[in-house]
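A quick write-up on the structure given underneath.
Naming follows writing order (A, B, C and D), and every chain is counted from residue 1.
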């Protein structure tokens, strides 16, 4: 997943990893280390530019994450850059993600009396409008059946609350009717596969992993899943990349994002032995 | 004049001297040195707070003016402070000053083709609206007769261009109809006397100097000059104050603001010997 | 404009500037430089009905929620990130309805604070429209831009009554130096009616200018020297995040309101007469010196978080 | 976003980023840190029809007016303050109509630049209405505030094509350090499409971080090392304002356009092949070392301005 997120990052753009997103932090550092050396990497919470973290920390606003930053932005400067069209890509997740790329990290239930209050979206709402492109990610696409044989889907028909906006609001307003700077989400990277978005702005399955397949993805997705005519199996990272991630995250912070089962997933990698 | 400007400065407020105004620079430092020790003195052009200038410099944006500043603001921070109601007093001048306290430092003649282009007003337009109070000053109230027996008045009936706004616009709009933060000018300090403003917002002569009198002021003023029922002779500075000014301005920069004649004016001061 | 020559006072005098019902902006962010000592003292003084505004917060807001001091929560995030996840006391208070939810987003907050510090009634924004934040904030208005014809959202000025900050250094006049990311502290200081700050170390003005003035004195109402005033959040370079203590906090909070009151509020807030007592309660010098070990080596730094 | 690994180039390559007709923001202010070497090189390269925007300016704008490079002037002030008074070339060009007058005010400019750097079509303001700047700027609009009912002025975003700065230090990647008042340089850098800078001294990144990064590299298009690049304006701590040379400039300009062309432009701009030539023409090392004497004592500093 880290590798898939990293692959969505273009060289030479300005990108920001926000906070509470260790997978994204690792993906950005991986991208800069590999195919995107001129990436302008802005660290979430500290707003340091191109830092060389000592190690991935359990909380984001830690000096260890900001070590040797080339220069520093402030919270307002980062968001100004986004609002003026200079944030190339942002990475957002949600407890609910719908087929248009709307997401909810605010609360479940009615907005005037949530049954489950989530932590909130940080700057996600603003950045979903302002960043040029959005990578959506979730490490919890696979959802277990409960006692009654139901799933609490991560990829849902409709979000209870729209924290960040995708290609069409829950009211049916297309993104193009709003004066947003950014083009919206162009992929959803999950533990089960990678989606793109079709011309209508609807999520469409484009990649699966060696151990997943379209039917499995559909089973764990509440909305109907169109499958790309060119469905492919995702490229896997090579061992060097895996080693890079292990070195940067000795505390295995990123595994906290993963389910117990996913932590045990194993892929034979290119060049592994 | 420096002393009269200084007397208009309350203790504890934030005040800014702008640039190109040596009389105001000296007045602010004098005020802080004497009756207004808690004045928050923001230096023009450098935006240093409470500096201890080495000496008054011929240009304002000079490190010598900013020496030992307690802290630094930026151009935007100073103007934000004004716009949010925190600039207690500003000091403005003009080549033309009308009876409502409107001023022109932009140009003489028609605005679409000035016959004389003046340097411009800096932030005066903004600050005339935003600063809580305005001290207007000019060192050239006394205007000589030309060959045809006419004067090019400094205090005029109407400004050719309104660079900064007083109590009533040239269109006759009272200041209260605009959402200005500040209350407008409360005095005009000139080389001939000191004006206040009456309830209508019209300038009214309140003080003369030992060597000036109401008729002289009227003669050098294009608009009709109402004279306060309590016209008094201005208090003169004591020798300590004069010494302070001389120490701070060894290059006699402030005299460049004064006419040749005024540089030779001499008053017997309290405590002089 | 705050012009007293000497702004120094005790922690309890400092916190007395907060009134019941105040709109409060808490400085720092997540596990970094939160003014927790000031919040503990506020709880002891019984401050309540606060309206909290901010961007990304954690234990600060959760603690105030757990102590029943909060009426309205208007942050963009309240949680313990990947470290411990959701904020238990905050969740309980929101879901019970005792705290009114007015969630915001980072840039919306920034623009509202900027409007206040620029004396403007509002700031225009492109984002927010299309999201459900419009429902949580009926005070937001929209307009058609006379230049572009675009629909813009107008977010009103936000002037907190008090900003509560924790900083590394200050001089007696109240000039503040913040080392490391200021997060929204400077914005808070400029927009708020009052600014109170706990300070690791109050030093002379001559020493302070060597570090640099981050926030000029005239924004600052009062300061109190409170070493370790951000604990258990980090205040580099003095000390790192106390993950061990935070885990203890989190476990107490997760088990329920009563457990939190008994296992955390009682021993670490109510039964501590003052901040010195608190420092003893959390383990005293031994625990505190442990938090400075990050400077020794990356390995020692790592050990703090294992 | 300017991401080249190495932004260094020659002064003539640097200035080639300016196109005829560009909207140009000149850094510094009054007699402080004006990028005059870059302006002289622009004149030599024959750049013309510039639209200049800025706050308080002096010899920079006057020089460009005197060389016939300017079509529109939109500053808040152009002059030589109490030192020499009005700007002769600027006045002549304005009064002749060869330069269109679009005078602005400092905060108006600030808010227009902020609108650009925040991607907003406009910023609202309370001031300006009631003044005649509304006549000079028919592009300004007004609205009734939906929160307060007040009439507000809306000033449109201003994105200069190029900002030209002179700074003390930079690293090869283009991170800039400005010592002393940045004036509007940071605002210009954030709002402009391109940023070019002359630099007293290009140093390693490791050295630069000791001074601090004032403007991050990705705003910066190109840099050229040009010692004394602000002369005759000041660039402390390296050198003070050259009042003697400025007096010479002023006298030449005051006497008329021909006199200025003969006595100033010819010897100090056109007949100097490059900046090294210029430094020789103004008196070489002797004159330059004189400008560093301010550091010796207040008396020596004073002597520069007598």
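Everything that follows uses one rule, which is that a contact is a pair of C-beta atoms (placed from the backbone, for glycine too) under 8 Å apart; a residue touches a chain by one contact, two chains touch by 3 or more.
Bear in mind the structure is a predicted one, so any value in this text is a computation, not a measurement.
Shared contact partners of subunit B and subunit D, listed by label, are C.
Here the chain-to-chain distance from subunit C to subunit D, counted in touching steps, is 1.
The chain with its CA mean position farthest from that of subunit A is B. For the pair subunit A and subunit D, the distance between C-alpha centroids works out to 43 Å. Centre to centre, using the average C-alpha position, subunit A and subunit B are separated by 59 Å.
Taking the mean of the C-alpha atoms as each chain's centre, subunit A and subunit C sit 28 Å apart.
Counting only residues that touch two or more partner chains, subunit A has 72, 83, 130, 181. Listed for subunit C are residues 119-120, 125-126, 145, 148, 150, 152, each touching two or more other chains. Across the assembly, chains come into contact as A-C, A-D, B-C, B-D, C-D. Listed in rising order, the residues of subunit C touching subunit B in the complex are 1, 3, 5, 116-120, 173, 175, 190, 205, 213, 216-218.
Per the touch definition, subunit C reaches subunit D in the complex via residues 119-122, 124-126, 141, 143, 145-148, 150, 152, 154, 156.
Those residues of subunit A lying in contact with subunit D across their complex are 12-14, 38, 40, 49, 70-73, 77, 80, 83-86, 88, 130, 181. Contacts from subunit D toward subunit B in the complex involve residues 29-32, 55-56, 58, 75-83, 86-87, 90-91, 94-95, 97, 101, 103, 105-108, 110, 114, 125-133, 135-136, 145, 148, 150-152, 180-184, 186-187, 234, 236-237, 240-241, 243, 294, 298, 301-302, 305-306. Those residues of subunit B lying in contact with subunit D across their complex are 19-22, 45-48, 54-55, 57-64, 66, 72, 74-76, 79, 82-83, 106-107, 111, 113-130, 161-165, 169-170, 173, 175, 178-181, 250-251, 253-254, 256-257.
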